[in-house]
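The chains carry the letters A, B, C, D, E and F, assigned in the order they are written, with residues numbered from 1 in each.
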């Protein structure tokens, strides 16, 4: 039995609140149960130095956690003067995942920064960030299309992410913090809407995992991502007042 | 006529949402119109080195702005590796203001950190932070009292803050971003519930201001803070489910 | 009775030594009693990025304290690798205060940096920095005028600053370190030669202060600044051998 | 046809030179073809703060690349003042992988740091680091056992790592730099000598990969790691003059 | 003919102003012609970690240059967040030189920090710092002896330093900035009052120098340091009001 | 008797391994006995800002020590976020020494960076770096000449370096770590192939040294460098397969 009472293959309630803040071109509060991440997509008319005059754009991500998003307060990275290794890893993952569904030429020579700031953490902040970041990105892209700044939609698919793990010997989907702390294996899977893999990151926490366990986790992830993509579609189908 | 359409002496709508996030001992979303700041108060069982074995506690504050809280994206301070001068000034002001109503001996040898993170900015983020930070601090203190960790209430008053300025020759209360950008003078006033001053910071933006203008601004601030203290009282009178 | 033996409304002996060092376009040692600050004004033919091709100049300030300017040695900021919050606040204040009397268009596309380095501290280092920094700035501007690099004097007034406070219940002017350490309220006031306010920063140290106390302190400051402006005029009236 | 001329399932020549430098408790130059990494294991009689008085030890890793290990010179991280995100990710991966085969209680309250410094890079530096780092770690542990500092062998298995990828539509093993630059998918797999997974990190570079491709890559990795573990055993079976 | 008009073997006017500032245990303004350095010696009742409980003390030095001590303004190191390589080299040299005449056991478990801050630079700031730093150190030591904190004088000699160089083919003593900029060779020599060497640092600027040139420079340095030691003795013989 | 058993005037075995790594334009492993330093010379088509459009090139050096090159592990500078003072001093010395034999105009507007990374330390790492760095630099220059990128050889001589010291009262050449730790005086001498001095850096460790001791050390250094230059010539005379 999972601490959350969920069946092994069930996700937490998923919610996307588009237009959560007013300034960003895309602004989405994503909730995976008690995990809440504010994802904003900001469009800028400049690209990193290595892309200047290339007619190609760039999508990047930054990740942060408010100091008291967690059970006990963590130091503010700005005050310590450096981002932790974990932060750097996560924001690189988010950026790679989002770029996997973007045609950077169609974007033109501009940069979209997706900021994922965790307001409240309960496990799965990186998968929520990717999944919600995609929705914010989609809203920013829509605005570029609507205002005629780009002609062709640079998004050639959806991307979503979910965690899977082995909890007390059983493969389970979408671990919350209590489950994650005790899981023997923790895996984050990023997929597109065709059901293909963009990123797979599995780590044995307790003991090494077998191929059969890996297979079971991938099956769970696949079905979870299917649901997430549908939720993204439903959310994006609504009109957004701006 | 103010861009906001408000009369010179009227505040924007003020709202406190207590319990906005779940982990912190105090967690309040404060809204001054479109300015929204998440204030959390975290209790820690340790004090800065210079207070060890002193039987006295400490209250401090940190301030941050999400990168896209503003009209155009600002660099993430954690990524740049240092806090800006403006950030340091603001968090020092918030900390001093809150400590002005705390009996640090009654708090005992523990530290309360009030984190003020701006989710959306529209002028007045520092005054909203002080005013909302006080409510978060009050909730954290209540919990310490309820759980018997301290006996005596270390809060000996309320503290609230508001901005005043000279806009097109007229003294006005609680400037939003549009007004603040064009104000000739900008002043932040921090007061307690007895109507006495804790901090006064006035800056001439356009031309130097006269004593009569200063007096008019202080009168406005005084009446605004009166209202804010009442709003704090109303908000804190409600039961909080935790 | 003040520790210094001064009457409540009397300044410490004020002295400006122009041409204290030889390389800077303006170089002034300012003394407020035992507080001694070396202020140099350096003219540079470049402006910050946001002013390029604007035909406008910039005036900025930096502040530092020699490690043993104080009673016990403080760490060297260059060795620690960062400026303290207090330093950042003070140098921002000095810069804003000086800019308040400069017509940046008349200055042309150049930058003047006013460095204020405290050789010996006894309270009031920021007010001495502003007051002496103005004299250094005036000397640098004179040289620009004399050498024909600018035509019109960009200085449209004087600026000076003084501290006031409540010491043992009495409002007093120009606090030295011994007085400042025990003051209940500490206020720094920056004014121009028309007697108008450029900056007012008051902080309750012990208990909150009342409107009447604030008024008394502002009166004291006003008279003190009157004297300082006269001292600046006297100092600048002398010929300077270079 | 691979640029290297190898068949899809063949490793590059693997070589371990134990005792490559003289000071470290374990010192191994590992070569995967033209990739050469110096791995040293240093035993220290102290543990990180969170493990003090826990009777448990710690194993950690640091990774670096000499500036001209690569085709064009990269900036020295010490000179830039910070480690790159890529470096941080890699050293966290090496540390986690090595800890997966260590019984930290049997190690006692001491720390082993495995430094992996790339002398020459040609793809696969992180997998070479893990595989060679294990041999250095084993040598350091042997010395602890021989000198009686620990009684029980804290290593409960081998760990090795290899990269796999999809190159021109074909799954291939152990990519060199030329192959890696053009691969559509890049995956690093860390396994123990029982053939179970410790870490799986797959990234789609060109287009998303399918489940069947993932399966084929995992099969290749599994057989490659089998060979690597045998090579480690052969290398460690030799006597080491110290 | 030297630009300064001095003969090859003559020093600039040397002046020591003891008690230049009031807080430090030793405070000396040293002038080598137009080069002016404020040297303060601060006594602290703590030692670096590696000397704790060793009954030995430590003497160290820090060096800084005010931003406009030089002909054109140099960036403030505190603002840039790091000390330049040149600064680090110089302060290490000053510290080693001063320690060469101190019996660290006689000093007891305390630290003396000698801060050398250049108010005005005209060549030879490092040699002035060592020579003036010694006088500040001697004053701080005298105070320790007078107040009975130490019994035995830890200073077992004088230390002084001077620069020598080859200017237009001629060996010259004590180069000012104009000479130093054009010198073919630049050498700093640190000696004690017995005429023995503590440090010799010679650098060919233009072309490599011959043994005979080196010998001539050492002869000049030796006679210059003889004079400096006498000047130190004369300065220290005066009573110092504190 | 020296710990190494060598006579006072004998060098350790010297070895240069050219082409030690494959990517750099020059790559040399230099060994002074058990001290081993990897020196690579990298040619870049850009110069520092102050040389742009000057038709002159630049040669610079960076120095690093692998964490376990030494008897006990030292912290990785990249992880600590700053280079130590000792590192900065050494790399500045290497750069100055190499530039002393380079005609920067003949080099053309390009930069050569010589990286000296210590794989194993046993005293004399800076002198080995200069001596080996020269060989790497010569190989890089040869390649520029062979490929016709420059016409004239910018190297107008050899440069080599050696340490000398006073060990138990006797002047000795080329100190290893055991000798260096106990030496009373330590001197590094850099000379060219004409037997002239480029840099002399002598430090009294125990007591100050006399002129006669200095002379004896310089004689030893001179003869040692003679040998080193011959070894460089021999090494460079061999054909290098690339």
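Following the convention adopted for this analysis, a residue touches a chain if its C-beta (ideal position, glycine included) is under 8 Å from a C-beta of that chain, and two chains touch if they have at least 3 such contacts.
Please read all numbers here as calculations on a predicted model, not as lab measurements.
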| item | value |
| --- | --- |
| Count of contact steps on the shortest path from chain B to chain D | 2 |
| Touching both chain C and chain F (chains) | E |
| Where chain B and chain F overlap in contact partners, by chain label | none |
| Most widely separated chain from chain A, with each centre as the mean of CA atoms | E |
| Between chain C and chain E, centroid-to-centroid distance (C-alpha), Å | 32 |
| Distance between chain centroids, defined by C-alpha means - chain D, chain E (Å) | 51 |
| Rounded Å distance between chain A and chain E, as computed from the means of their C-alpha atoms | 59 |
| Touching two or more other chains - residue numbers and ranges from chain D | 81-82 |
| Topology of the chain contact graph, where touching chains are joined (line, ring, star, complete, other) | ring |
| Ring topology as an ordered chain list, initiated at chain C and continued via chain E | C, E, F, D, A, B |
| List of chain F residues in touch with chain D within their complex | 21-24, 27, 34, 36, 38, 40, 42, 44, 62, 64, 66-73, 76-79, 81-83, 87, 113, 115, 117, 119-121 |
| Touching residues (chain side chain D, partner chain A) in the complex | 82, 85, 88-89, 92, 96, 100, 187, 191-192, 194, 196-204, 207-211, 214, 218, 222 |
